[in-house]
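Here come two complexes built around subunit A, the first alongside subunit B, the second alongside subunit C.
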Partner chain A sequence: MLVELLLEPLRYGFLLRGLAAAVLIGVICAVIGTYVVLKGFAFIGDALAHIAFTGIVVAFLAGFVFYLGALMAAVAAGLGIGLIQRRVGLRTDTAIGILFSGIFALGIVLMSVGIKTYTVDLFSYVFGDILSVRPSDLLVILGLGGLVLVLIGLLYKELLFVNFDPVAAEATGLPAGALQLFLLTLLSITVVASVQAVGVVLVVAMLVTPSATAYLLTDRFHRMTLLGAGFGALSAVIGFYLSYFLNVPSGGTIVLVASALFALVAVLSPRRGQLRLLVRG
Partner chain B sequence: MPKGVQRPMARESWMAERLRCSYLLALVVAVLLAACSRTAPPPREASPATTPAAGNQVRVVVSLPVFISLVEAVGGDRVRVSSLVPAGTDPHTYQPTPRDAQALAEADVVFVNGLGLEGWLGDLITAAGSGAPVVELAEGLQTIPEEPHQGTPETTPGQSTPQGEHTHEHGAGNPHLWLDPDYAIEYVRRIAQSLEEVDSGGASTYQTNAERYIAEIQAFDAWAKGQVQRIPPARRKLVTFHDAFPYFAEHYGLELVGVIVLSPGREPSPQELAQLVDLIRQQGVPAIFTEPQFNPKLAETLARETGVKVLELYSDTPPTGEDYIGMMRRNVEHVVEGLE
Partner chain C sequence: MQTEPQPSAVTTSELVIVADRLTTGYYREPVLQEISFAVPRGALVGVIGPNGAGKSTLFRAIVGLLKPWQGRVLVGGRPARPSPDIAYIPQIHTVDWAFPVTVWDVVMMGRYPRLGLLRRPGARDRELAERALEQVRMQDFREKPIGALSGGQRQRVFLARALAEEPSILLFDEPVSGVDAPTQHFIFELLEQLCAEGRTALVASHDLSCVAQRFSQVLLLNRRMFGFGPPERVFTEELLNQTFDTHLLLLRYGDRVIVVESPEDGTSAC
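Let's look at the complex of A and B:
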């Protein structure tokens, strides 16, 4: 009975692909999200998505594939954020703010200068819908997710060291700058691929909320990563089925489930008291 | 209280004040920026017939690009037409710019569709202080009420909400009347009559031009009805991206089976799409129609699921270089190609 109920939406190929994409993105984003949450640049997802828009405008004007434009813009911006932060000595969120607004504004101006004839809604090419995931999108996410997980796994110790004790890391001779830029590049690619497949709200939420939920339960880095991935996948599955049976949009519902999980854990967490002490410092 | 206590309090309130000021400043700059980014919009496909006597022309502002060719057909060289909504932009959610207010303020007459399609326009006309008459082309015409097309028996209570929203947005009845040639003829008559009122000197020109264009529309319509006859009756079924084609469908005897999104920007739920897939399969709908200004991904997903074709239809903006009749001809050709 229950099994039948759970299988009902999966008769449709596009719903099955949507569910698979949501779970994959829940896991991938949560793994990278551990760094995002601990380093405190939660809005990088939103920023990179809007920067990708400028890439799409440029691609539209220059006549090459939208996806390539978005990817190049996001990777360049990721590197730019890292460079501004290191060379100019500003905090990461400031660097994100500068590049986000600057590059997005460039996109808006270019669009109004460059597009004189019949326009298309270019925004709709940045912000996908989880119900319109194509088989090729799923392959991209799958390949990308595998790549991200393997690379983070291989460089786990180095990334941890460089991100959370950069001075000591540099003293031991690790290429700290390069590793940080590498992480930002990984993040850029993940965001672009996910956003154009499933939409911006879902990606921004998945980069932050599941990892933050995990943060409430543990202070071990690897445990936080695994728990975050678990919360991401769980939110995707629960949210997807809820949206099907309640007849509401899927992306938004998944985000609401992730937020509800966070609230639940925040209230029930045995570590909450310690967390408050930690925040009070 | 001693001074020592007052001072930090004063400083605090000063800081709060400064914070409030910065916030306001940021808001103002944001609004200005948003306005600036639109002040140089793409040209609105204005009348190419810029005669030297531009000062004597009747300045007409229309809401949608599709109305430009109707007004130009009637007004000829006597009018200069511009559209508020740029080509290929969604009129439901369009954000007007300062230049739009200027165009309205300088206009001699304004033509809009009405029925809530241009919900943002009322405030703008008031704000622009325009004294020009505003003619609602669809006013008082018989409309099709906006009912769910997906006549699914298992309609859940949740489904009534989005439908209600859409109805609210469009006001009474579906506003896309001009996609039915009979209504377009009515629009042309109203345009001619209003132009006469603001420019009585051109009355005979407007009458002659209107009669000629109406004859052209009728000729097109006769051709189009013949084209639709080529489609086997069982295949005369339409699934469109958004709910713009009920009048078109009724006029040409096509059954409107469903729409993909009720209103542009409103995300469909998985169940709505699943039900639409079932309907397409059950009824053997041969094709799905998108509109060129929207990302076709969702329609392509449904087409892949059901194994049908995807084609384009035009609603608000004719394809480059085409007038109303040219746009309608493309629509009919695409329908025949998709369903035949």
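Let's look at the complex of A and C:
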């Protein structure tokens, strides 16, 4: 009975694709999210998503594949932010804030001016719609996501050392600056792969919430990554079904589930949870 | 100013670190000016000076993270550049203590630079990390998260990570600040032993604590060099007062020297 209920939406190709895309994105975002949470990159992730949106608009107007536009915009922005961080002038968050809100505003204006004749609803990129994922989109998510996961796996130990103790790591000859830019590039790619399904506004939630939930439960870096991926996938699955049965927007529902899981763990976690304080008096 | 003979006048075969009229810094203003000294293999060198004297800057130059603006720094006869052969232990406040890593994870990081890209740690790496943990007597803490340790325990773990790297030179930035006296002595006993085995260590400190007498050589630094040589020659009231730009009183008691800072009540004695 319950099984039938759960299998029902999966008979439709577009729903199955939506679920697969959501789970993939949940996993990839949480893996890179481990670094986002530990290094305080949430604001950067948010900025990259907004800049990717403008890249999408420009790609539509210019008539080329929107992933290409988004990817170029996000990677350029990621590298730009990496350079801003190394040269101190304005505070980094101020500089990023000016840059990304300006570029996002440009995207909004361009969209309203230029896309009247198009039937495509670009607003689905702002709030996300996993049901609009086409087979080719799923392939792109799979390709980009796979690339990010493989590269993070290959450079696991270098990224760990450099992010934990950048000065000592650089002194041993590890290219700390290059690895930082590399991480920002992977973050840009992740954001682009996620924008269609969860939307510009909510990408940052997928980047930080599952990983932060995992952080509450473990003291080991690799476990935080794996647990985070689990929470990301779980949020995607539960959010998908809730959105289907309650007929509410998918992106928002997935993020709400992730937030609820975080709240639950924040209260119940044996090590860092608040309940622990109550139990111990 | 007391210095060792000019580096160029000495054969460089046994000199591990040579700074020759080194001037460097970060932006336009130089932090260090005209620093010249030469460290022989096996020396335990104290780099002593107040906060902001440029001690960390000097270490960065020796590691090769900062290029000389003028002059040069030679390590093993070649211009300084980052390498696993020099272990740099930065001040502990540069590290993120909320990071989810255990003592064991941190010590294993010392092996990463030796492994190179794509290779995973093997049995020999685990053995070296294990031995390093035993050397600092932290083997019972291997599963502890790094954030749960005291200041002294953190310094021991970072020393273990440096040892796992199998370096011939150790640069240790402020290992005794915020560390209890027994740990200070333990760290210095270990450093003395390492230096006796032929490694070379430079230790930065802004206070003249109990361990100051244990250095084989001392470099007095405050943006310029105020002295370099064995402690009994360099720890004079005149040189220390020049370096710290203050009035220190030196009380000699047998073979020990007690330093008292006279204007403020900040005293530093054992």
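Before moving on, here are some points about what is shown:
Criterion: the second predicted complex is superposed on the first by the 217 of 281 C-alpha atoms of A that agree within 3 Å, B and C clash if a C-alpha of one lies under 4 Å from a C-alpha of the other, contacts with A are read in each partner's own complex, and residues count from 1 in each chain.
Simple rule for what comes next: a residue touches a chain if its C-beta (ideal position, glycine included) is under 8 Å from a C-beta of that chain, and two chains touch if they have at least 3 such contacts.
Predicted, not measured: the structure shown is a model, and the values here were computed from it.
Comparing subunit B with subunit C, more residues of subunit A are touched by B. Legend: residue contacts after superposition of the two complexes on their common chain; A:9 is shown touching subunit B, with no touch to subunit C. By the touch criterion defined above, A:157 lies against subunit C but remains apart from subunit B after alignment on the C-alpha atoms of chain A. Put simply, subunit A touches subunit B in their complex at residues 9, 12-15, 18, 105, 108-109, 112-113, 115-121, 124-125, 128-129, 131-134, 240, 243-252.
Touching subunit A in their complex are the following residues of subunit B: 33, 37-38, 40-43, 86-90, 156, 158-159, 267-274, 277, 292-295, 297-298, 300-302, 304-305, 317, 319-320. For subunit C in complex with subunit A, the touching residues are 63-65, 81-84, 86-90, 94-96, 98-102, 105-106, 109, 112-113, 115, 117-118, 120-121, 145, 158, 161, 165, 171. If you check the complex, the residues on subunit A that touch subunit C are 38, 154-155, 157-158, 160-161, 163-174, 215, 218-221, 223-224.
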